[in-house]
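Okay, so here's the structure we're looking at.
Chain naming follows the written order as A, B, C and D, and within any one chain the residues start at number 1.
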Amino acid sequence: MSNPITPSSAEPVVTATDPIPVPVNRIPTPATTPPDILRCAYMEIVVTDLAASRKFYVDVLDLVVTEEDETTVYLRSFEEFIHHNLVLRQGPVAAVAAFSYRVRSPEDLDRAVAFYTELGCRVERRAEGYVKGIGDSVRVEDPLGFPYEFFYDVEHVERLAWRYDLYTPGALVRLDHFNQVTPDVPRAVAYMEDLGFRVTEDIQDEAGTTYAAWMRRKPTVHDTAMTGGDGPRMHHVAFATHEKHNIIAICDKLGALRMSDVIERGPGRHGVSNAFYLYIRDPDGHRIEIYTQDYYTGDPDNPVVTWDVHDNQRRDWWGNAVVPSWYTDASLVLDLDGEPKPVVSRTDDSELEVTIGADGFSYTRKGDEAQGFKLGNTL
Amino acid sequence: MSNPITPSSAEPVVTATDPIPVPVNRIPTPATTPPDILRCAYMEIVVTDLAASRKFYVDVLDLVVTEEDETTVYLRSFEEFIHHNLVLRQGPVAAVAAFSYRVRSPEDLDRAVAFYTELGCRVERRAEGYVKGIGDSVRVEDPLGFPYEFFYDVEHVERLAWRYDLYTPGALVRLDHFNQVTPDVPRAVAYMEDLGFRVTEDIQDEAGTTYAAWMRRKPTVHDTAMTGGDGPRMHHVAFATHEKHNIIAICDKLGALRMSDVIERGPGRHGVSNAFYLYIRDPDGHRIEIYTQDYYTGDPDNPVVTWDVHDNQRRDWWGNAVVPSWYTDASLVLDLDGEPKPVVSRTDDSELEVTIGADGFSYTRKGDEAQGFKLGNTL
Amino acid sequence: MSNPITPSSAEPVVTATDPIPVPVNRIPTPATTPPDILRCAYMEIVVTDLAASRKFYVDVLDLVVTEEDETTVYLRSFEEFIHHNLVLRQGPVAAVAAFSYRVRSPEDLDRAVAFYTELGCRVERRAEGYVKGIGDSVRVEDPLGFPYEFFYDVEHVERLAWRYDLYTPGALVRLDHFNQVTPDVPRAVAYMEDLGFRVTEDIQDEAGTTYAAWMRRKPTVHDTAMTGGDGPRMHHVAFATHEKHNIIAICDKLGALRMSDVIERGPGRHGVSNAFYLYIRDPDGHRIEIYTQDYYTGDPDNPVVTWDVHDNQRRDWWGNAVVPSWYTDASLVLDLDGEPKPVVSRTDDSELEVTIGADGFSYTRKGDEAQGFKLGNTL
Amino acid sequence: MSNPITPSSAEPVVTATDPIPVPVNRIPTPATTPPDILRCAYMEIVVTDLAASRKFYVDVLDLVVTEEDETTVYLRSFEEFIHHNLVLRQGPVAAVAAFSYRVRSPEDLDRAVAFYTELGCRVERRAEGYVKGIGDSVRVEDPLGFPYEFFYDVEHVERLAWRYDLYTPGALVRLDHFNQVTPDVPRAVAYMEDLGFRVTEDIQDEAGTTYAAWMRRKPTVHDTAMTGGDGPRMHHVAFATHEKHNIIAICDKLGALRMSDVIERGPGRHGVSNAFYLYIRDPDGHRIEIYTQDYYTGDPDNPVVTWDVHDNQRRDWWGNAVVPSWYTDASLVLDLDGEPKPVVSRTDDSELEVTIGADGFSYTRKGDEAQGFKLGNTL
């Protein structure tokens, strides 16, 4: 039986099974079996003013403190049962120290070591873990320059899902995904597919230039995404709420606290992922997304949605403008010595440039010329 | 007992009992008693392509057709029991033919005639009404140049409040308010107060220039607002939904229909009124607001909230930019002969100019200089 | 022009202009003008354990404390600007000390004195008010035996509408209405109409027995309702939330606190009023309703909805059972000496008896016999 | 590192890794590898009046018709991309013809054949599939007597996730789970664990009697649950909505259609699963659950929550009564010849009997005696 994809009536959405072009300078596929990754589990970020960051994440965003000391705060979301989803560590330079994934078994750490060793990457393993609450773990500088961590062993803590006496209007219930900036998206995707990830959606142009790709292990739209740009850098880390009004409540609270200027983009509805979203910036400029309601992607033949970079509804389904900083700003990442990784420039076309301003071109309806009163048209 | 207003901790919000400066060229207060106005009841708009407008209001916005013929469509919201809240009439020039208010009794029509006759306005009364469903009514060209209508007699129709079999995700349940553009806001407010309206909120600067004022008869934030600008023109007409997700559903539907370019501004949370909002434009450019959740204002000493025009949260509590078209575009209004009224320029400062761009100045926190990545800062 | 009411397709709903039968033993209509009542403003209740009640209303329901001392707590809702909406006063017997209404002007207090004096009621006036925050006020024992209060002068406090930093998931934003138990509903309604109230909805049977009536001053479905039963007693006091999920959040929190047994009825959708509701009981058994989204009723010819007492969707639109305690339990009310008023039995048919159990009869569709698995059918 | 489970402060909730007692009469574990099941995919039900059922599922519940003919209707939810989630087939006896699961690959069908053949079950395979849209598939009568189906090959159809022009207020977006009635829950669980399922939550008493267990493949609380009772029977099939208000909209619509008597239980918040729920009954009495917002369970050491059968918040977090029909009624299931399977009685204690009525015992707070006005206490 053939599996014809019925094209969506939303015309510029194209679906296909394997839409990303073959990369020119492919990272070789290791012969060894990759680790069986369950999900993105936590991010460790370096902040330059721990008190200010604690206030932002705990007092404003209402993340739950599992544990803290003078230099570090361990935070989790309401439905989490592992020790943390976010680590704030005091340091001299705002950056990301680890993108951490949970794997299915302790043996998967051996597989991670073999996989990255074969790739020629720097690999370190610590039986006692790198941060509190996490046991035996592996950290690597991956082929794209990102500090990736893998662990299985973890301290269990109370899952606060039923603790409605503690919920706040904007309660964050789950870590949803990471988003990484890298110059060559097809090259990054091919490596991530070797690591066991699957593409769910992507943005391309007619020439096949790939601007971004979303990839998953758990059956949501993504555990991480690759966004084309100067990298390696961290674009954002995303937490989920239950409903859309929870995200609106966060905006309202930021207004009441006279902190509305931390709202960078949104709230809005994504085209890609179909989720409702908000982007805010923490005191160091690290970008946080609040996200709710994407869709199940767990079947191996889950249709891949390819968006035209010129479709003005791809990034915001309502066609609202993407602020330039959202394309240009991102956080540095650290190597395993804790030093910032040098950033390599993207040489492919930039999504910002091809879509906004005098040289850009975006449409609401394919064939119609861009027009109207949208702010994005006037930039 | 004194009634000291406890200042809100949201610092730039100032409350006072009568905040609008006395107008220089005041319209004389009539000696006669004004009509007892219940509420804004319906707007009659002229559209240049009735089929296109019917599709917009009925198929997209899901307003209910009470009755229609070849040149006119009579529409109502789900909780309405009078014949209509919006009349679409085919005509050569897109404009507003009437801002129509319901009064408490038939005798209030006599009062309206006397009130506007004393003001020297053109006044017409028709026992059979101007449009279907409405009986005895009075139309005037008011001192500001707007076509105002007053009526009591009206055909009752089914209130569809309980008809959840007919509701759609973005169901509009009530006409909430009008918004008018006029050059001299204090002059307009003084006349409207003579007509029995009360100010609930306003926007001023430190010099006392008034940029906008919200006024009510029914105990919500407004039945109409006066927005400073070239006028007389109609800024928007607003319909209410039950909840915020209903407004989001309208945006999502517009995206699915590839009509996202009709979204002009929002969705967002207003500072003024505290309501959740969306602005869209119909096929003729008439602006529609979708609105939910302002507050009770029915006490005679209801505190008036005066916003600083430089407060970047006054128009959008989240500090998101107001698109320039929202300040500049508005619909013409017709005189009683159906001819467009000439537009008089505003001579006071423009809110657009004092808040956006090189000469403007807006703050998130009073004393802080404007900065950050908001689109509004880059225009 | 005639005003034919189009019957709703929801068949057993009947609308009419004046549906309540003329009472047999009518309370004479005073010749004097009644006070111009704005709205229900606050209730003063006597609680037997102030600490327990404070915990319930402040820690569980998140009402805002305006002021408190050793014997009294003054509470308000988030959008209120007057001193309080609920007073908890320590006392020996759980009861209601006052149903308090705000009037339009100080002169209306004189009108209240004259109105009730003419009715032969006990009337007391105190220039300094009866409770903190309230100035000159009048308390009466009304013809039905209820302690009614009227005031204009009141201390203003911060309206917390914009204080989203303080909101909780179940935030109560407004006092919505009272509900009173009285033996003879038509007699009560006629008196309340003399006082200036208007009926919006009621429950009757085919013989014209009236079981309950809803009456308003502000343009919502009610400021108070008269429920047929042994009285005078207080059935409940209701606070409004913004949206339905806020009410669900209160239920969820009660579950998390292992206090779910204070949930007496709901959440559900009312037939009468069309609002979404929840009934809970405080530590003394005083009943609180949480309520959201009824409709505008401010027009003088607002259609009155008369529900058949046998319509199983009248009290709960989903046909879910009304628990017997909801019909039988209510709070005592105090006379002006602070003594509980004797309770007089209802002699008309009881809604409980005619609708539930072996002798009752309720239908989902008129003409169909009651059947199915609903708990209400098995009681 | 040890993984101590921090007990929830919601006291009667106990978590453990493997809480179900070892069954006495265990079904032998096959030596062969089980099929790799992705998720519950669709249910095929036999209905006795196809027109009535089509009206219920399409006009009332707004499921999407993928395809239909004179005897069969194929329905899907808004986010689905495979041909259907529910098949309605006209037949003489209301029953369930198949609980159908999607597997990861075509090879898993061979594994399913081997697995059930080793178990001694009747196994049939059809290369052309049993219903339209599904290709090569295997149907078995499983050891518990249920008709289970496995397939990989399926026709793709448009995923309507972005088609907000088609959404209705109560849109069903995903098939969430099945629920089966079987006499011996531990025996059923042990077999399902052999098939690759994992327990997420369960209900027991202090003696270790197991009343129900929830088991998952995809990382939600369940793909199916085993409910103790006379079986094999089908308890319900559940569809997910995005938010809670969508479920309320379904109730409201049923009221408007005067079909509220199809609401059997809810809406409410489950204790088990923490989801918001509603149970309704179709024209043949088949039970449908509408369900939203459980939590991620995909980690192999996901904590298992064991509820005390006497905890009155286990089935409804708000303590609202479970109607007896919910415990007693269920749908017959068919063997592979299309004949109803005989029903075997449960011999273990019944949850209905141990929790409701004179011999039952439920508590809100452990140690407190049952009391109060809840309907459940009066049955």
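As a convention for this text, a residue touches a chain if its C-beta (ideal position, glycine included) is under 8 Å from a C-beta of that chain, and two chains touch if they have at least 3 such contacts.
Keep in mind the model is a prediction, meaning the values are calculated, not measured.
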| item | value |
| --- | --- |
| Minimal step count in the chain contact network, chain A to chain D | 1 |
| A-B compared against A-C, more contacting pairs | A-B |
| Chain separated most widely from chain C, comparing mean CA positions | A |
| Inter-chain centre distance, chain B versus chain C - centres from mean C-alpha coordinates, in Å | 33 |
| Centre distance in Å when chain A and chain B are each reduced to the mean of their C-alpha atoms | 41 |
| Separation of mean Cα positions, chain C and chain A [Å, integer] | 50 |
| Chain C: positions in contact with at least two other chains | 10, 162-163, 243-245, 252, 255-256, 271, 317 |
| Of all residues in chain A, those that touch chain B in their complex | 10-11, 243-245, 248, 251-252, 254-256, 258-261, 263-264, 267, 269, 271, 276, 281, 312-313, 317-321, 323-326, 329, 364-365, 371-375, 378-379 |
| Residues of chain B that touch chain D when the two form their complex | 162-169, 171, 243, 245, 249, 252-253, 255-257 |
| Complex interface listing, chain B residues touching chain C | 1, 3-10, 13, 38-39, 79, 81-82, 102, 104-105, 135, 153-159, 161-163, 173-174, 218-219, 242-244, 271, 274, 293, 295-296, 298-303, 317 |
